[in-house]
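Pasting in a structure now, in C-alpha cells, and then I'll have a few things to ask.
The first chain written gets the first letter, and so on, giving A, B, C, D and E; residue counts start at 1 in each chain.
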C-alpha cells in the first residue's frame, strides 16, 4: 500500500501549494479585525442555522452592499448602509412631499429662491468625536462638489457657501433651485468630517446613529454596523444596536432565511412570495410605491416612430391594465411621468389601452392588418422580468395589428451605446431621481440635446425646453405654480408629442420579521431601512 | 521524468499565454464601453472620458494587449468596474470559498464515486450495477441550478435538516472569532481548533457540496466502473484468478490502481468543471465564492472581473492538469517511463 | 493429477471443445496441439474453471478436486497453490501497476505460506531469475523473464500441476527454448504434471510424453508423442507435420 | 489482435447493451414529442393570457401555466425543439470542425500537429461553460449565439480525440499500403483515416449531446442564452426560479425535461461506449 | 558486394525515429533470387523495410532506386515497381476487399480485380466481402493481390505469414514462391527464408551481423547469433532445450552488441567488430573463425 501514502503526501503538498498562495497570515475574522468579547444574547455556539443575535437586525440585500465608502462619491447600493451612518441637512418625507429637519433644524429661502439659510442642530458630534458645525458642513459639501463624482452635480446651482456662525449655513445660488430637496438627497448630500474619510471602510466620518463594526468584502455577511453611542438622538433599549447585511442573491433563499428567522428584512419579493408573506407566521409584508418608473421612449427623430400617429398608436396598444395585473402589485399603473409622492405628480393621467384607436392611427399612418407590415426595434434591459413582461404582452398585441416587434434584451452599456446612436425605435428604461424632485425626468430625459445622453426619445421642442428651465425656480418659490407647470409639461410630452409611454411605477414588496416595529418605507431612499427608527417587540 | 516535467511545464506556459490572449480578445469584444459600466448608468461625458483614460482604452489594441499581459505578470489584474477593488483582491477573497466548496464536493465525489464504481464492476450486469449506472447517469444529467433549488427547498427550507444558506453561522464571529490562515473557513477552523465554527461550516457545506458533487460523482463512478471492467477483462486478471484471488480482491488490489489512471485524468477536468458549476449553485446558497462573484460580474458587465475569473479558472485547470499528470506516474508506473 | 472425462465446453450452445479423455500424471508432460480456434486453450482454462460465460459439462478432476462441482472457495484454494497457470501474453498477464515482488508476496500470503522471503528466493533461483526482478514492474521486464516469473510463481506456491497456455508463442525463438527448458527441467526435478498447449508441433515434440491433436474443438488424435509423430493416423496431423519445415 | 478485428459490429452494434437500447427508446420519445410539438401541444405556443397566469396543474393545463399565463406543457414541448436543435447544431458544427482539424493533425504529424494541438490546448484550458459565458456576454443573447459559443468550446474535444485516433490509424499497415500504392495524402485521409476514426467520435457525440443540453440550459439560466419569447427549458427554469416555493410547477417540469433529455442522451452514449470502446476517456 | 543493376540498394543507411537511431550503417543490395532479412523483435528489420518502401527517410546514407537516390527518383515509377506485402491486417477494415485491390488500378482497369483475385487463388466473388468476413489466409491473399495489381518488379514482404496457422502458412509460401517478382523478405522464421531467399542478412540490434547465401548461413553460421537462432528452432523429436539464463541480456551499448549473450565473448569483443569477408559471406564478429570451426 505504499502508493497510498505517496498519494497522500502529494495531495497534501498540492493543498499546501494552493493554500500558501492564499495565506492570509493569521488575521482574525469578525469585528473589523478585532475580536469582540461576547455580547449579550449571542446564539448558542455551533447551533446550526442559529438565530440572529437578539438585538441584531439582519438585512438581506440581493447583491454586494458597499463599493464606495466615500460619502462624497457614493452613488450605488451602499446607500442602504450610508443612510444609517451619515445624515444630510434634511430628509424627505414622501407623505407631505416636503423636506424635514435632520442636521438642520430649520431653513429659509429668499423670495427669488436664490439664497438659502440653514440653522444647524446643536450638540451633534461626528463619529470621530469632533463637533458638527457650519464650518464642517461647508467643508463637507465643498469637498463633495470638488470630487465631481457620483451625484455631485446636484450642487450645480450652488454658487457660494458661507458658514455665518457655528450654527448657520448660508448658500448663495446661481439660479433658483429647491435646495431643501437637494440637501435631502440620498447621494452626495451627506455631511461628514472631511478629515476622517476612509475609503477602506474601517472608520466612518458621519453623524448618523451607526458606525461600521466590520466590513468584509465578498463575504456572505458583508457588513455589520453597530450603534454610535453618542448619537444626538440618544438610544433606547428596544432599538437595534447592531445591524448585519447578509448578501442573498436569490429571492427564494432570502425568503426561506426570513421564514427561519435568520434575517429580518428582505428588500424585495416577488408578488407570489409577497402574497405568501401575508399568511406566513412570523413574517409581515410591506409594500410601498417607489420613485422609479418605466419609460417606453419612442424615437421621435427617425424611423417609423417619427410619425406621431405611430407613436400614439403604440401608446394606445399597450395593455396597461393587463400589465399591471400581471405584475401583481410589483408595479402599479402610472399616472403621468412623475410618481406619486413627488411634487409634480398629476392624478388622472392614467393611460388606457385602446386597440381600435391604435388600429385607426396605424391605418392613418399607412400600416395595419390589411396594409403594410410595420417592424419596430425595441431594446430593453436584459434580466429584468418586469420589462420582459411588458415586451411579451406588447409583442403579442402588436402582432394582431400587423406590427412586428423586434425586441432585443441588452445590458445597459450596450443598450445605452445604441441609444446614443439612435439605433432603435423604442427604448425601454427605468428612471428615478437622485434627489426627491421631479425635475430630473424633464431635464435629463426630455430636454433637447445635440448629443443625446438620456434624451433617448430625441425630443426637440424649444417650448418644452423653456418650460423645463423654469421648473427649479418655480419649485423653490411657488409650489402651486410649479405644480401647474408640471401638469402642462406632462400633457405636452405624453399627449401632444407622444414621446413616451409610462406603463407603471415600480412598487417594492418587502417582508420583515413580525417583531420589527416602526418600519416605514421612504421612496426617496430606495430600499433604505432607517434602523434607528425600528424597535423590537418583546 | 524531469524532462517530461519540463516539457509539460513549457506546454502549460504556452497554454497560459494563449489563454491570456484569448481572454483579452473576449474582453475587448464586449459591446458597449467598459467605461460606461465603470462610470455608472447616469455618467456624464466627462466621467466617461476619465474612466476611458483610466483603463487605457484609448491606446491601440496591441499596446493594450501588451500592457494587459505585463500587468498580469506584475500582479495587477485590473480594477473591477463593479466593486472598484483590484480584481486580484476580489479573487483572493472569493477563491478560497470556492476551493472549499469544490474541494468538499470532490472529496464527496471521489469517496462516493470510486466505491460505487467498484461495486458496480464487482456485480457487473446485476442489480447493484444497474443501480449505480442509473444513479450516475441521473447525477450527470441533472441541471445543477435546478438541483440546488430543489435540495434547498426540500431539505433546508422544508424539513429544516440543513442550513438554508451561507458558509457558516456568522453570529459565531462574535462568540468565537476565527483566525484566518488560508482563508478557507473549514481548514482555518480545523487548524486553529475553532470547533463551533468548524461544525457550523461543515454543516453548511453539506447541501451545496452535494449539489456540486453530483456531476463529478456520477462521472467518476462511471469511469471507475468502465475502467475496472476493462481491467478485469485483461489477461492479468485471469492470471490472478488462476492464482486463487477472489473477484473483489482482484478488483481492489490489482485492477483498481491502473483503472484509477483515467479516473485521475478526469479529476483535473472535473475540478475546473465544478468551479464553474459553482456559478449556478453559489448564488442559491449565498456562497461567497468565485461563482457568485462571476455571476454578479456578468450581470454588471464587469469585464476586468470576468476576465480575471476566466483567467484564474483556466490557470487552476492548467495547474490541476499538471498535478494530475505527475500523480499519474505514481498511480500507474507505465506512464512514468513515457 | 489431471483427470478429464467427457469434457464439453459450449459458448452459447456452440460446442467449442470436446475432450473425451485427458489424463496427466505427476511427472508427466502432455501437450495439446492445434491451430487457432481448435479449442485447445478453452480446454485448458476449463480445467481451472476459468472459462467465463461458458457451459462446461463432463467430469474434471484436478489434484483430486472435482472442478465443475467444487464450491468457488474450494476452487480458489487449488488455483495457484496446487494447479498453476502460465499464460500466452507475457507482460499483459501481470498486473501493470503491481511490482512483481508484491504480486508474489500477496499470492503466497493468500495461500497461507510462511517463510515467504526464502520461498521466493528459491523459486526465482529455480527459474534462473535474479531476485532483483521482484522490484520491477511488468513493463520493465522482458517477455521471457515474465514467463519464467510466472513459472516461479507456480513453484513458490508449491503447485503440483502447471497448465501452460502457449507459453512461448509471443516470444522470440531464442527465448522460447529458455522457457521450455525451464519447464522441462522443473517437471523432472519436482515431479510436476505439465499440460502444455501449443500450435508448434516441433516444440512440443521435444518435451511432451503424450500429445493430443485438436481441430475445430474435437480431439482428432492422441497418443504417445513419438508414436503420433512417427505414424500420424489422422490426415490433419499429417498435414500439420508436412507443414513443418 | 488489433481493434479492427470486427469493424462492422463495432460500427453498428445490433443491440450492444440493453442500457443503450433503453436510452435510445427514451430519446426517441423525446425527439418525437419535440418534432410533433405543433400537433401534440394543447395550446398555441406564444399566447400569453395574463388573467390565467400561474394556474396549478389541472385538466385544462396538465402542467399548469406560467407567470404570463402560457401553458407550461406547450412550452415544454416546443422547448424540446429548441434544445434538440441546439444540440444537433452544436455537435454538427463542432464535430465537423474538430474532426477535420484533428484528422489533419493526426495524419500529418510534425509541426502541423503541434500548431493545431497547442491551439486546441488553449481552448481546452477554459472550462466549456466559462468560455461560453464570456463569449455570450460579447454577443447578442439568443439561440444562434448559444450554438456558436458552445460550439467554440466544444470542437477542441473532437480535435483531440480525432487526432489521437487518426495518429494511430496513420500507422496501420493499410495506410502504409495505400501510401505505397501512391495514393495522394488527402485521398488517404478521406478514404482510410477518416472513416476509421469515426467510431469513437460517434460515441463521444452521443455522450456529449446531454452535456450540450445542460450547458445551453445553464446559459439560458444565466440570462445569456435563449431569450423570451423563445420556449427554452433553461430559460423557463430561470424565469420561474423565484416561484419555486410558491408555484413549483413552473420550475419543476422544465427542470425535469432537461433532466430526462440529458439522461436519455447520456444513457445511450454510455451504453454505446460500453459496447464499443469502454476505456475511451469521458470528460 | 558487387552485384550491379540491383533495383534497390541501401548504402550505409542509418534509420531512426526522432533522434534515436534503431538501424545503424546498413548496406545491402536487393539481388535476384530473393533476399531475406532475418531478425527478432527489436532488431530493426521492419524499420529497414519501411525505408526501402520510401515511407521513412534515412538519417544518413542513401537508398538507391536504380541509379538515383530514392528521394530524387521518379516516385510514380517507384510505386509501380516496388510494393509491400504486410501482414494480413493490412486491409482497411471498412473497405470491401475488391475496392482495396482496385485502389491502385486506374478506373478503366477495375475489371482486373477478379483476375487478380484468381491469380492469388481466391474466388472473385469474394471481392464484395469485407476483411473480417474472410479467413486469415484469404486476407493475406488479398493483400498479395493488391500488391500485384500495379505489376511490381519487387515485393517487400514483411512477416507475410507469421500471423497464420502453420498449414495456411505453407500454402501462402507456395503462392509467394510462384510469383515472378523479386522479393525482399523480412521475417524471424528461418524456414521461410530458407524457402524463398537465395541471399540472407541477419540483423541484430539494428546492425547486419552476417550476410551471405542462405543455405551457407544456416548450415554453417559464422556469427554466434546466427548460430543461436538456428539452434533455437525446435526440431521434430529433438532434444529438450537446456536453459542457460543469459539469452535475454540487452544488446551491449559499446563494442559488439551481442557480446553479453555470446558464449564465445572475449575481451576483444569490447571493440566494435568490423564486417569482413569470410568463407563466402560477410560477417561482423571477432571470433567468426572459432564459430565456424566449433
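Everything that follows uses one rule, which is that a residue touches a chain if its C-beta (ideal position, glycine included) is under 8 Å from a C-beta of that chain, and two chains touch if they have at least 3 such contacts.
Keep in mind the model is a prediction, meaning the values are calculated, not measured.
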item	value
Shared interface partners, meaning chains that touch chain A and chain E	D
Minimum number of chain-to-chain touching steps separating chain A from chain C	2
Chain ID, smallest distance between chain and overall C-alpha centroids	B
Top chain pair, ranked by number of contacting C-beta pairs	A-B
Most remote chain, CA-based centroid, reference being chain E	A
Distance between the centres, which are taken as Cα means, of chain E and chain C, whole angstrom	33
CA centroid of chain D to CA centroid of chain E, Å	49
Chain A-chain D separation of Cα centroids, rounded to whole Å	43
Interchain centroid distance [CA atoms averaged], chain B/chain D, Å	22
Of all residues in chain C, the ones touching two or more other chains	none
Numbers and ranges of chain D residues touching at least 2 other chains	137, 223, 241, 244-245
Residues of chain B touching at least two other chains	31, 149, 153, 157, 257, 295, 299, 301, 331
Pairs of chains found to touch, sorted by chain label	A-B, A-D, B-C, B-D, C-E, D-E
Chain D residues within the chain E interface of the complex	2, 4-8, 11, 172-174, 176-183, 191-192, 195-196
Contacting residues of chain C [partner chain B, same complex]	45, 48, 50, 72, 76-81, 84-85, 87-89, 92-98, 103, 106-107, 110-111, 137-140, 150, 153, 157
In the complex, chain B residues that touch chain C	234-246, 249, 253-255, 257-258, 331-334, 337
Interface residues, chain E side, partner chain D - complex	50, 53-55, 75-76, 79-80, 82-84, 86-87, 89-95, 100, 103-104, 130-132, 143, 146-147, 149-150
List of chain E residues in touch with chain C within their complex	40-41, 165-167, 169-170, 188, 190-192, 194-195, 228-229, 231-245, 247-248
